[in-house]
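Each of the two complexes below includes chain A, the first together with chain B, the second together with chain C.
Up next is the complex of A and B:
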């Protein structure tokens, strides 16, 4: 009897952990089922030409999601272009160049950055960054896709920095020592040896950064102006846009439940879910591939 | 993420005012739902009234005029707040359910056109405003201002103010007119969003309920058409009907109001209720 007891305990603990593990999958599946159940009717309640049309004005039954999709892509793309060099440079600095004491200060500060509520950033963007953008770039309004990208870049930086930093940290020190011993300068070592070796981790950092950016709502809603226009001009980045997330957040609160508008908003949710899912899947594929080839830990 | 967002949105919309009552069985609850334009007003009324009458509990919910009237038709609320008159089909639906909605005008509302304080434009006509907000006029020069692009600001399309502005200004009150807002219109999630942008952007033009206009925005006088007098929105010009972009605000009750609802409604129409109307920037009836 006594001998069985630890084994029984083992069994329960294992079962518990297994349930906890599977619950994550269960919730994702349930959410997806819920989204499909509420969003699928949009595809037969309104025509596909309307659904992918150019005008979003739900009051009049115009549900063209094209401006919303392009708006989200534009803002997210801009954010990545801004955040990637900044985040990568910060990670390299923290890992390779900063003295120990500075690293100890910088790392917690970056964690703090991650903890700032997005509505606070949005408000800051609205009253401080938007006027600045309007004046320095001399555009009609500061509430633009670019302002949204700036805020999103700021918000995805902590993710990009910490993941990229882990990837750089995981590069075996023999690589570094070898490069330096061959007479490479510090910069050559970083650029030619360490970054290429950490490549897959850096790609993951970018992917997770995109995932963080595309799903962000509050800050984007407050600074991008929410004009559902198609960004077709060369300077569209510096004009207002309306993103998928902001549309759902702004309109879901007052939509009549069960109406076409309600279903279309969920359809936009499905789209968003699929995009984030795809990004995460690509990131995971990179992890698996990178991990197998090098056999090393590339992500903390 | 979406789910959490939804839940929080739902939570934001069911603001309930309740007060500690003497005994639970002595408390009468009045359900009040409808227009978001009126939700702050309805909350202020409920709060002030609850302080004087702890035996009455008033539950106030927003959700929009349509939602409020739908709830009245289903008999789930006692009073529906509406920023527009009830439609014929809504009345017919209610009557099919054995409910006779009774209309009470409780306050007045006016939409002010706001621009940056440095903007030299003093006055605009409704047709000009229609052309501006539908994107036909895109430069301030065309309406007597400086050579600057016009940046259009509007409330989100689900707000009562947006719909009222669309019907009365962009479509000039013509129900057959199908003109839409320009796709370049910036839809702001809040009044604060509009005032923040108008305050700092000399290109901007926006509109909002008269009660939400802060002193650091410039209000423009409006004429119904070219040649008619331009009127500046004030309590007086709204009340005497000379300001063209104004509307009454309604409360609908089920049949002639009885008991607690009747007392509450007559308090709203009385001096105390109307003082709150003025405090919140709407236009009192007298």
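Up next is the complex of A and C:
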């Protein structure tokens, strides 16, 4: 490099920076290509009726992904139902009610939650939360979809809280001042003015929470009991299930490379990729339309 | 119901919900510390596991996680900082820039296990790196890109515009301005982003499941093409795959991992707050 003249060196460095800038696009495309390359054969090595069938018994050549998809939906749905009120309330609490000193404690605490590795939460879920669930609900095993939802809810809380906080923060202060000046109480202002104005941000928070929850792997695999069954009973939430992510993580290590099973697991990966891609693309479109924030803040 | 009364009730509910969020966080950390602290001693940290991993220490897992984290840093830092410089200092608001931002947001959203699949398909099999430290580091490095890019970009954008205007008006080129003025001023923020990204990588299991991690190895890895044990994977293995594993060893392993990850978090926070206090603009 030192042999080059300054102008040439600068040209060289700036070219590298440009390449780095475009690399993100390259990586997304590369990831998709490799998933398709390894996953597409699943669609001709086995029939579509098998792939979307109701039974997942890879040893017998049955690759019905319906139980896995429904399992993921059930666990994720449960997580959102738990996390949404908790996350929204906490965001409002931090922004509107908490005094400064308390806010300075709460924010780092929630960052700590975001930092706890998912395998640690999964471990704790297994040894501490699952027995609690079993005793409280009086069910045969504590390793249930509900336990998974509970863990996932807490894991998606940091995302939901930080995005919802930003949304509340972005509401113009004139709205609040106007409402208070008209004689509304603080709570009426929050409920009737601030939250409705922050609506699109709250929707983004929920979507990103869903995206985070549906892709979570280790904690879910460790606490949901891993039974690939279709949740059709009314109490399915309190029975073991198995998610798409857990299936990939649990089975990929044991399959022969190039086998149908191997290709089907990649096909499940394609589905996960597409779902999260869609969620994030729509969420970022809402943000860009809102124009209030830069894309970067999303990653919490 | 009077308006004041309904406000009191609503605020009480909000407070209760916030408590329900916060208290378990404290409980989780405290519980792991209390249960795991008894397992941790010099031997636990510096010896190999033996007797079917039920006894002995977790040295190879600790070393493996440190090595993987360094590997991740080597992969991720140049690309992420380069991309952040491009977005903050060079890119104009074109459709291409918007496509890059969309790609970064989507990279951040891809499930970690899908990164694992990709790493298996590209690095382990197609590039024939095998299950190795290199393959794992490349996979983890890609995964951490979005976090590092977005925090680094924010740090760059936080440097006041007048710095650039003055520098350019004195005849410095764009790169000289970035190199001599913007980067040094944004360095603490960039460093914070890097540590936060590496913190995530250090705690991840799913991306290394099929790309780097070994169940048990009798010696430390000798080359970047060797497999390695790793703390998060080790915790997964001893808590699900080894019957009769003493609970205290499991808690001890969880605690070591938690300390490693959270201390990175603390360092990142400290750099950020020191920098905020010191900066003169």
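Basically, the second predicted complex is superposed on the first by the 270 of 300 C-alpha atoms of A that agree within 3 Å, B and C clash if a C-alpha of one lies under 4 Å from a C-alpha of the other, contacts with A are read in each partner's own complex, and residues count from 1 in each chain.
Here is the rule we go by: a contact is a pair of C-beta atoms (placed from the backbone, for glycine too) under 8 Å apart; a residue touches a chain by one contact, two chains touch by 3 or more.
Please read these numbers as outputs of a predicted model, since none were measured by experiment.
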Touching partner for A:59 - first (chain B), second (chain C), both, neither: first
First (chain B), second (chain C), both or neither touched by A:77: neither
Which superposed partner A:28 touches (first chain B, second chain C, both, neither): second
Touching partner for A:10 - first (chain B), second (chain C), both, neither: second
Partner chain(s) touched by A:41 [first = chain B, second = chain C, both, neither]: neither
Superposition-derived comparison: chain B or chain C, residues of chain A touched: C
Touching partner for A:126 - first (chain B), second (chain C), both, neither: both
Which superposed partner A:248 touches (first chain B, second chain C, both, neither): both
Common interface residues of chain A - those touching chain B in one complex and chain C in the other: 31, 34-35, 126-127, 215, 217, 222, 248-249, 252-253, 269, 272-273
Complex contacts: residues of chain C adjacent to chain A: 3-4, 6-7, 10-11, 13-15, 17-18, 20-22, 24-26, 28-29, 31-32, 78-83, 85-87, 90-91, 96, 98-118, 120-122, 125-126, 142, 145-147, 149-151, 153-154, 157, 173-176, 199-200, 202-206, 209-210, 232-233, 235-236, 239-240, 247, 250, 254, 257-258, 261-262, 265, 269
Partner chain C, residues of chain A touching it in the complex: 10, 13-14, 16-25, 27-28, 30-31, 34-35, 37-38, 85-87, 89-90, 92-94, 97-98, 106, 108-113, 115-124, 126-128, 154, 157, 161, 185-188, 190-191, 208, 211-212, 214-218, 222, 245, 248-249, 252-253, 257, 265-266, 269, 272-273, 276-277, 279-281, 283-284, 288, 294-299
List of chain A residues in touch with chain B within their complex: 31, 34-35, 55, 57-60, 67, 126-127, 130-131, 134, 140-143, 215, 217, 221-222, 225-230, 239-240, 242, 248-256, 269, 272-273
Complex contacts: residues of chain B adjacent to chain A: 1-3, 5-6, 9-10, 12-13, 36, 63-64, 66-67, 70, 148-151, 156-159, 163, 166, 178, 180-181, 183-189, 193, 196-197, 200-201, 203-204
